[in-house]
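Each of the next two complexes has chain A plus one more chain, namely chain B in the first and chain C in the second.
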Partner chain A sequence: MKKLVIFAVLVALVGVFVVFADSTTYPAYPAYTGPAATITMWAWTSNENYSIDAFEKVYPNIHVVWSNFGVDYTKILTSTAAGKGLPDVIMSEYTYAPQFIEYGSFQPINKWIPESLYLKFFPEYSLKWTSLDGQIYGTPQDSGAIVMLYRKDIFEKYGLTVPTTWQEFAQDAEKLHSENPDIAFTTIPNNWVIWPVGMVWQAGGSMFDYANGKWYVDFTNPTAMKVFDYWNNLLQEGAVKFDTWWTADWYKEIDQGKLAVIISGAWSPEWVSLNSPSTSGKWGVALLPQWDPNNPHNGEMGGSGFYVSSQSKYPEAAALFVLWLNSNPQSLEYLNQKSQLAALVSNVFTTDVAPSLENVEYPYFGGQKIVPVVLEANNQVNTAFVWLPVMDYVQSSMQTEFQKVIDGKESLVDAIPNWQKAVVAFMKKQGFNNLVVGQLPK
Partner chain B sequence: MNKILYFVLLSLIFTTSLYFADSTMKPFVTIAPSGSYFEINGKPLILDGYNEQIVSSNLIGLWANTKFARALEFAGILNETPEQVDEYFKELHDNGVNVLRIFFEFAQDPSDFSLFENPLGTVNESVVEVWDQIFALAKKYDIYLLIEPYDPYDMVIPSTNWQASPFNVVNGGPLKSLSDGFLTNPVVIKDAEFRFKFMIDHWGDSSHILAWEVNNEIDLWYGSNNDPAIKSYIKTISDFIVNYEDKKFGHHHLITVSTGASTPSGVLADVVYDNNHLDFITTHLYPPDVANPTSTIEPALTASESVLYNLEHLNYSKPYFDSEWGPIGYPDLPLQFDSQYYHNICWAEFSSGAAGIGLRWIFRNSLPEEFLQTDKAFSEIVNAPGIDWLNFKPFPTATEIRVPVQFANLIIPFSCGDESARIIWLLKDTENTDIKNLDFSSINLTVSGFKTGNYVVQLWNTYTGKLIKTIELTTQNGNLSFDANLSNMNDIAIKIFSETQID
Partner chain C sequence: MNIKRKFFLSAKAYLFLAPFLVFFILVVAYPVVFGGYLSFFGQRGARMWYVGGGNYLSVLMDPNFWSGFDIPLFLLLVQVPLMLFISIFIALLYERVKHSQVYRLIFYLPYAIPGIIAGILWSYIFSKSMSPFIPILSLFGIHNVNFLNLSTLIWILLIIILWEWTGYTALIIYSTLLSIPREYAEAAKIDGANNTQIAFYIKIPLLMNTLLILFIFNAIGALQVFNEPWMLGALVTLPPNYTPAMYIYNEAFYYGDFTYAIAMGLILAGVIFAISFFFLRTASKQMQIHE
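This part shows the complex of A and B:
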């Protein structure tokens, strides 16, 4: 009998933790206590299979079936409405996660892994991107820290200097416009809500927030309007313009050197190298200009987490997978090298993986070591940020208003209160009674 | 004696039931006596309409009362109300639109909320609710529906849609791919029959069905290089529909198919043109100059050639129209250009003998007013008294129009008709720079090939739908000569009919 007890205790001890492969800095991963499971995953990151294979060696009772479903958020919502069809694990940009949490597409995973363990692997601010109301729904994968891609050849030709403040940025834009109006210094996407919200975030502000069980909506607060007023002026001068991003015409502009600067997330260096091979060697990566260089801020444009769906039949297995995927050093190395994610947000990436990447020279960027730039951009994102739980609508209503700006029916500054009005009306219609309009939490 | 009484009684019951069945039988669209146009309730139905989708921005409001409403609102898709869809149908009706072609389901992406069934055999009630509303609106606004059971164009996208398709073996379906015997697979055949039975049971008694299209672009997605399979599928499904509807209603709706090839040739031509299971033919028009238009003239010529080819291969025995066309390679064309391109193709097709304008796949975010103006004008012109469309025969007659030599390369005639009536459309080649050097205010036209008699010639403005001028003429050696003023017009429509013609 005693032998049996000792055996059982030993089994339990071995079973509680899976040995952490390469490091003693971080705790071990919990063991899987459930039945053998096959879990499914929707994710658009390329080459997830490397991380999955490594995970399955550590957790042989869990098999992961990955399908690249594109960025099809409607499918998440409609499958939730149908009560069937969701996989166990879902990739989502942080921007849209609160929407899916609100809609009931994700489930909390604190039950399976204690919050304290997540906090060992992830910075608290980034874990908040995958959490709401004290519940953790997934783990953050990559950073969408904003960076500035710029055409070095255009900058050289027109004597522009890489701006470090927004004032310098405006001067560059005006100079280029006066010397060659055929080249846009930069463009504002009329079809990507993450951009304007990210610009306000980068200024140290926000257009909305969540605190004490209430949603706060204030698109016209002073920081936000400072940002929109700035872009409004550049638009009116013709120094920058609206554009529809991700279209064939836009890619053509990039290829043909009609665009000097792209402001986007930390993933964009890889993205531009894949989509515009003909401009290899012409681009540089820089930190975004600052409003106050002594108090640098950054925001995010994109960046995604992995969440456990509300329809998962194996939530424990799914929770273990999303933890491991985005924090295990082997997995992070694969995500960096096979999936081309430049900046991952796990503490493990910072301590165990990134140091070996800092001296890598990127031929596409003329041999520039871009990882330190991207990591610095990521370090400047030191604030938690909560997205509204209706971001699809925030985007569609933005498109409506921005189209009016493009059509000359209103200015960008005039569009912002109208945009807020539409969003507030929509949220009220959707039954958000916990809405505070016209202010942000102190 | 008893037996005789019993027999008489039975006969009485039988004939009475037949009488009542006939008297309550709703009219269905039929082929006009000429064999070239459609007819409903004894009146001609000249087609004027579009392709639509059950999830388009115009119809999305119909989802407001389904269980997917909130999901679609959250997705930023459902920004319309059912009342706005009602207004859209009213707008179509007010502008003369009388036909919409709609896929029964929509497989645009893996969001299977718009699939009719998933898995096969499990019906999505929300799609049914949407169709209930579409049929109610079709009746209210007198719009005829051309419905096909599948959406292969969207199903076939391999990385996403096909992965999620209920026909895919990985999801328990019968096929490894759409080209894996879709048209012959017994499970698919049963499913097609199930779908048509479902539609017939739910809405089959509607007068507002133009036709059942047994499949979309049958030669492309699953019938490629397999003409026997296409033929077999058409026969099987057509027989099923005819038998089921005849039994249920005492008559049946028209049956057609569409081909991706605008001008079917080879064995496919034999399958579609010489097929007594099809009441009429439709093809899709996406040749390069239509798909990627750089001119508004060339696509009109291509469209006309396509109509002439199809009617010739049908030997003018059945109606033909183009049920899908548009700038598929360049959506959202500049509006002014697109409007002219739309206008020209509509008129080119109809005046070449099609049973209506071609049904545009909109390829724009919304339906522009400029398109609707063309529709309205078209409707007013063709529905004005004059030509007896039920008996009109649209033989090619463009070569029977003579324009003065100085205009020969600048005015392009399109025309169809017979020895007693014509529809003519004259298009100015506005892209030819020589046009600036000529005076178009008085162009003497001679149209030949008429029976001796007195005729009415009407000149119509195709943008306003207004009658510009009426001329009464008597034939001279089978010819009619008259002047047309095109000085301030891109084109003009001309209707010619015998004074004794009954509309």
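This part shows the complex of A and C:
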């Protein structure tokens, strides 16, 4: 009995230590005032159970049951329309969160996570991904900060230098194309809308936003067209080409060394190591080139948040869970180590967790210490915007327009206004009469 | 028969029908009726509001829906007649060739492969990095061929659907041929007709009923085509309204507009019904004239 008491005290001390250990500059987590609850979660991050176990020790009245639903947005759609079937916590990419907020899939949790508390744990720009009109619906988990994966062996063979400006990038692309047209310097996905939007973001701009109850749609603003002009030139020179990403053909290209550079999110180092084991040791991770090296910007491609569903019977429990999951230092460590998420959005990650990871060498990248690069890429993200609530249509209309560019019927530059027209027409048809076309909020 | 006995006989009949009836009502009749009810509402996520015939009006004026019919119409007007022609030819050969059961089995096998698997198989055959045609073409100095793009897709669909259905169709025609009395052909032979003349003037006219049914079923399949283009869509990016069935699926499950999709589905069913009805009427009139 005595041993049990000592053990219990030790566990309690450890528990208290875990909760308070690294939160020297952060407020304590709120206590749970509701009844004992079991909440369910749909998420595709691997190995969430470590964080869940640690959470349940701190909040013994809340039990979390997690199921991996893939990235099955259709399931969220149908359950929302049916009025039942949603879990308490839903994982969704930031890109699609406004769509689900608009559908009525999420409920506001300001009561338990007011904006003042949120901003202690998460950067202000992330509010654009987890809230609308001042209503907070969830918390952000991983960063999709854009990084550049490049084949060191191809760069060496053709005498290319890792570019730090877009001008250098274009020169590298043209050089490789003239020396070996069989290898694409990089490819533009014709089926991933997050990419072109991310590239405009990285230039310090955006293509749409939301403010004061209105949706702003402006694909042809100067910053966006600067980016599209740039890629149009490279396309017309043949130095880069379009490709359909995430297909068997594309993975084969990567394996066979027909691709020198992949521009994608902070999760892509992990992703490429899983999908192309045969090219291990040949890749490096670098920051994206800048338009103005004195004024660096970055954007995001992907990254997901955890939101409380509108059908949840225990919103307080769910809100406390999503807060803890995405900001507690122990949880963040698990998410980085066990779930392989390279960079996490929470301020706590930057101050408390990342410093201990800076010296890890990654064999897949030839021993490179990639964490500082990914962190710097994440720190360069200093702006954000709200994604349109019709991103599925923005993507499919983009695919249709880009197909015309691929077929040689129009240039990339001409495709953009057509794309915008289709999106605006669709939004009007869906009943959005609060649109502002042709400008962005000040 | 007295009433009690009639009732007893009917009850027995319904009992035998019951398993199918229950299944049919649950899985076909009820969803159609409930869906029809829902189609009078507009929808966005969790919100629904009454629009009366608004959805149907929108569908009738939706260019995306009607432009998607070009693919099924191509299949209807090109693939179906072509396939029937080839199948008749093959079925006639079955009659003449020794050990025809071997050929019947081989040609039937593609039908046994589920459409989705066939779609995946064919997407590998036409993939630009893994196609078995690549080494053959490179022998002739042709490199970097992109078989699968939006303009070639319709021909690839044609090939896949012909491959899937011809053997099955030939088998059905063959079984009808078997039911033609041998005396007809023998009498014609005595009169001096050769095999081609027998085929054209005796056998094919007697196949007309079967051919009509086959045409209608294949027409229905062509107008509803979904599996094959959907699977190929993994390698080629397709517009969401490539075929009407794909547009209906995308409207429901990507854009979340379930009620609009229901209205489209019912209108598509109406179109198919009208076309089938038209063919049956015209064909049966033809039959009457012949007799």
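One rule holds for everything that comes next: the second predicted complex is superposed on the first by the 420 of 442 C-alpha atoms of A that agree within 3 Å, B and C clash if a C-alpha of one lies under 4 Å from a C-alpha of the other, contacts with A are read in each partner's own complex, and residues count from 1 in each chain.
Throughout what follows, a residue touches a chain if its C-beta (ideal position, glycine included) is under 8 Å from a C-beta of that chain, and two chains touch if they have at least 3 such contacts.
For clarity, every value in this text was computed on a predicted model and none was experimentally measured.
S.K.: Put chain B and chain C onto chain A via the superposition and say whether they clash or fit.
M.R.: clash
S.K.: Touching A:Glu168 in the superposition: chain B (first), chain C (second), both, neither?
M.R.: A:Glu168 sits against neither chain B nor chain C.
S.K.: Could you look at A:Asp407 and tell me whether it touches chain B, chain C, both or neither (first, second, both, neither)?
M.R.: Touch status of A:Asp407: second partner only.
S.K.: Just checking: does A:Tyr103 make contact with chain B only, chain C only, both, or neither of them? Give me first, second, both or neither.
M.R.: Both chain B and chain C are touched by A:Tyr103.
S.K.: Using the superposition on chain A described above, determine whether A:Gly85 touches chain B (first), chain C (second), both, or neither.
M.R.: first
S.K.: Quick check on the superposed pair: does A:Asn191 touch chain B, chain C, both, or neither? Answer first, second, both or neither.
M.R.: second
S.K.: I'd like to know which partner A:Thr74 touches here: chain B for first, chain C for second, both or neither.
M.R.: both
S.K.: Between chain B and chain C, which makes contact with more of the residues in chain A?
M.R.: Touching more residues of chain A than the other partner does is C.
S.K.: Applying the touch criterion given at the start, work out whether A:Asp229 contacts chain B, chain C, both or neither, answering first, second, both or neither.
M.R.: Neither: A:Asp229 stays clear of chain B and chain C.
S.K.: Of the stretches 164-172, 218-226, 272-280 or 362-370, which one of chain B hits chain C?
M.R.: 362-370
S.K.: With the touch criterion stated at the top, can you tell me which chain A residues are shared between the chain B interface and the chain C interface?
M.R.: Residues 74, 77-78, 80-81, 103, 390, 392-393, 396, 430, which sit in both footprints.
S.K.: Give every residue of chain C touching chain A within the complex, in rising order.
M.R.: 42-47, 124, 127-130, 149-151, 234-237, 239-240, 250, 253-258
S.K.: Going by the contact rule set out above, which residues of chain A touch chain C in the complex?
M.R.: Against chain C, chain A makes touches at 74, 77-78, 80-81, 83, 100, 102-105, 190-191, 244, 247-249, 252-253, 256, 310, 390, 392-393, 396, 399-400, 402-403, 406-407, 430-431.
S.K.: Mind listing the chain A positions that touch chain B in their complex?
M.R.: Spelled out, the residues of chain A in touch with chain B are 67-70, 72-75, 77-82, 85, 99, 103, 390, 392-393, 395-397, 426, 429-430.
S.K.: Of all residues in chain B, which touch chain A in the complex?
M.R.: 67-68, 70-77, 79, 109-113, 159-160, 163-164
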